[in-house]
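Here come two complexes built around chain A, the first alongside chain B, the second alongside chain C.
After this line comes the complex of A and B, so read on.
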């Protein structure tokens, strides 16, 4: 039986089409990650209509490839231009850019690559060994425990952004509200449709997610580029010193990288832990890893001046979150971050519901995905090592050429999914909502997570109330539910303190 | 310890925060009135209004905090930047134009025309050259034709 499963998993994971999908994802991820302003999340959102038609294993493998590649790609422009390609690479600038200024960008880029891959492998291993036992534990949960999980996740995710707690909570509940549009799953009656028959089946996952994550960012960047082009200002990166001639002059030796094991280990452990918690994310993991590595370093005074330890720790940290963030998704069906929400959406589009029964019901697919996550890491290492000199050129691509094409892909890709024009209007409405939120300083991820978690939250609450005969005390009359509320409160305090003390 | 910001900067952030708070409060109030007076069909157990009710109440609470909390002053987007609202609307209108031209004229011609227009408008006047703009537009048209005309029908 086990041998049969192993054989099926191997056949599935190592088929040429699947390998090609993962390789394409990694290449795409590093490329878009290297271009400042196009984050891995945006690329994943844009890919949703295209992976919709693929089988689950290559679809998820490709998206994870984009995510992993994007996390490393973000460090390319962070090191070469001092502009993080993705938010997760923000901590890499602290020492990466000074390293480039000091004349060794190639060493810094290679340290970032190797540390990123090491952190990523740590995340995969933890995912493989932790997700299944947690899912088995979650199988014993009833509706009230799931309600506790959903509620705690929404509050933690929304409440983590320093200075934007109220805005995060408002966004999360607005997301839940948007998820209520359409038919009530219990009575079948329509609600919040305002008489529009197109809203009867609810707001589509693809247009809402692409609109929030991708279109809003593209619209804002296009607007800024247009303003710059009219004001005569030049693009920061285009104006930056294109110091590619440094690349030939400095090399990273194996012995030198081996001496960085301590910050890599600290980053990997921190990133894995932070990534597994709902809402924490790659940016926090990067900064926390940097702070801890500086504290543990024999030469803390070198941090901030181009220390390779200061590049290794945040890179290992932010990459370790890539797979660890899937742990709550695989075990409880709760996406712990915006990226995990997009992966969760891809699973749902494939007809696979993330949650405790997912591993049991789709064992071969899930284990094939585990194998593909490892393969994706290896591809990331090989392709990035080979193409590193070219990525610095990609990072200098002019937004005026990229943005119209990317926006066109978003619009036509959304339309092509169902051939429904209404989806395009929802996409643009979600994009404009995202723009308004970004301009007002309201975080986007809580809204997306609220939108995804909303139906589960409603189902769990209403089932609990039916079981408890409408007695609210029933919701907290379970030791597991109480433990979830207590643990999430402790987690919230812990993470809030970590956010407050980041360098 | 309270973070101190220059007065002008706080005023700059507080105005949009007040608008956001008021907007959220207005949505919540209208939503609560809709739940109270609207036609909500009942189902098994508690009605379908329960989660919307909780959502509106939480949004109203968050709006009150945004309006009155000192936290409203500590926003991470404190840098001032030029007003981008009008160009954002223009960019969204361009997306609609692209969609309609592709639907009515055709994929390749529609994409070529729309991308040409966008790259021309986004390029600074002193750097406007036909060759890169035509190259980008043609590449986009061929790429879109390959993705949506060739690749998509094969996959589906």
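After this line comes the complex of A and C, so read on.
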């Protein structure tokens, strides 16, 4: 019986059509992910009508390929340009971009790729073996547990930058405030829109992220270059920065990657759990993995300056969510994220109804899909490895030429998301905010995370208050919530102590 | 020589004006605007038309997603477009009925001319199968005894999943503790985790879990039982006279000439009724039953009156 299934699955999953679909998907995903402004999610949504007409196995294969490729592609842009190509790669910028500036983008890219693939495989294994029990655990998460999780994540990330904890917290809450622009999710009332109908739907995630991280960087560099050329003399620091010298041996050795097992493991575990929670996402997984890896690292001070551990952890984290996000879909038919919803839609188009009976009713297809997921991971590894040297060479181009192109792509990508010109203004405004923050020494990452988690945080809080009939004690009357609060308080205390015992 | 050139030029230049005489809708593509993003039910319904539209309508059909402001952006765009029949809107009733009745919008319910109703979705009341309740009557009885104690989820405020819940409360004289969620995923999470006791959602969202017995659909808010959930009684059968189906209908604006309206309606119905469209719809999990001008208009007017009634009941 099992041999039978295995045979059918192999024929299904390893047919040329399917392999070709997965390969195309991965290539498309990595390319699209690398372009700032266009994410894997968008590509998947755009492919849906085409996928309509395909058979189930190639269809799912292509979509998953795009999704996985996109998660890695976002890091290419994050490392080379400091722009998150997909929101999930935002945490990779923290050490990825400094790594490139310090002269070893190739190592950073390879670490990102291998960690991505490792996290991805961890996700597949968990999906196959642990989906049901993990989904049960995720089910026990209600609004107050989610609130605890979001709150803890924001505070931890804000507190990461030891010298600037207060600024980090301020940035985080500013991010949450910006996320509240638009309609109140519960009453529909417009808030903070200043009467502008364009703000009715709030500030877009893509323009804000790209503006904060990329446009601000570009504006600052442009200002530096202009000042340089105006004053006639070469500003030595800027010149040294921009001459982009590369360390002669920018190559990743196997031993070096092996030494990164700890951040990869932390990232994979965090990503798998976070991915299984509906509503949490790759970005949260990335940041949380980063924070936890730093806590567990023997060299926490290197984080932020180009530490490869700081690249490995968020990459493993965000990629582990790729398959983990399918866990609630497979176990309950609940899509845990936008991408899972798209995959769910693709399943339904093929007549497979996601849910507990899915696995029993469609055993061969489901097992074939598991095999596809593995294949997708392998293809991601192979194709990206082949293309990496070319990607790295992009880093060697003069920023003078690259930055305007990146800025152009960012503007186009932002506009392409919703065909709304206002989004481009948001992009520029976020860029100016980013410039101000960089000049004032306020960390940007907490603002980004606050902005991303803001809606979920607010919703969880208000749902909890509704369910608890406005009794604040309801928020802490759950063991899981208490555990999360306790763990994060402990982490904060340790972070504080580490800071104050420093000479 | 000059004369020859001039006469040729005259003929060539006058050719484009012949387009004016081209039969509608042959010279330009028809745009179907959706008020929501790619991938949702409405988007899929529009894309089905787009993929087979050309052979039935005589011109290309393009889908344009314009999400934003709860549907206001798309609706305003179509309202302000030329009333020549080339710009259509496919939508549910929230942007076109609920929104204008609640706030001031650049259009009113009279500005819309419904062409073809594509599908009808039943708002479904669902409970967690392991809570001991076996029917809607049980839930309502418990709610009457403890007003505000039982929690019920719904989607966006005043959406097509919220209004039936409000109407149920008005009709049955009960109060639930309303917990808005971000969508089907969260709704399920809370229902299965027993954080809420009742959920209002769509059949497609719960077919899987219903079949496996984890959730029990207890009522649908349509006139007749639906084929996807044959064992679920309608609210009318349970003694509660509420019919508030969610339709996806293709609209145009009321100034479009009547002959174009008739032509569009006929051809779109044929397109959706074709075998090809039905196959695509089945694959997508949508039950597409196109209705013509008259029926669609009836349903539209019926919805306007039900929603207006529900909203005024709230203001008391």
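As a convention for this text, the second predicted complex is superposed on the first by the 270 of 503 C-alpha atoms of A that agree within 3 Å, B and C clash if a C-alpha of one lies under 4 Å from a C-alpha of the other, contacts with A are read in each partner's own complex, and residues count from 1 in each chain.
Please note the rule applied: contacts are C-beta pairs under 8 Å (C-beta built on N, C-alpha and C of every residue); 3 or more make two chains touch, one makes a residue touch a chain.
Note that this is a predicted model, so its numbers are computed, not measured.
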| item | value |
| --- | --- |
| Partner chain in contact with A:302 - chain B first, chain C second, else both or neither | neither |
| Contacts of A:419 with chain B and chain C, given as first, second, both or neither | second |
| Which superposed partner A:466 touches (first chain B, second chain C, both, neither) | both |
| Touching partner for A:200 - first (chain B), second (chain C), both, neither | second |
| Which superposed partner A:139 touches (first chain B, second chain C, both, neither) | second |
| Partner chain in contact with A:262 - chain B first, chain C second, else both or neither | neither |
| Residues of chain A touched, compared between chain B and chain C (which is higher) | B |
| Which of chain B and chain C A:186 touches, first, second, both or neither | both |
| Touched partner set for A:431, first chain B, second chain C, both or neither | first |
| Doubly contacted residues of chain A, that is, touched by chain B and again by chain C | 186-188, 463, 466 |
| Residue ranges of chain C touching chain A (in the complex, touch as defined) | 37-39, 44, 47, 50-51, 64, 66-70, 72-73, 148, 151, 156-158, 177-182, 184-186, 188-190, 192-193, 195-196, 204-205, 207-209, 211-212, 214, 280, 282-285 |
| Parts of chain A lying in touch with chain C, wherever the complex brings them together | 45-46, 48-49, 52, 138-143, 183, 185-188, 197, 200-201, 278-279, 328, 332-336, 341-342, 345, 348-351, 353-358, 418-420, 455-456, 459, 463, 466-467, 469 |
| Contacting residues of chain A [partner chain B, same complex] | 50, 53-54, 161-167, 169-170, 173-174, 176-177, 180, 184, 186-189, 191-192, 215, 218-220, 222-232, 399-401, 403-405, 407-412, 415-416, 421, 424, 428, 431-432, 435, 438-442, 454, 457-458, 461-463, 465-466, 470 |
| List of chain B residues in touch with chain A within their complex | 13, 16-17, 19-20, 24, 31, 40-52, 54-56, 58-59, 61-63, 65-66, 69, 71-72, 74-77, 81-82, 84-85, 87-88, 90-92, 94-96, 98-99, 102-103, 111, 114-115, 118-119, 121-126, 132, 136, 140, 143-144, 147-148, 152, 155-156 |
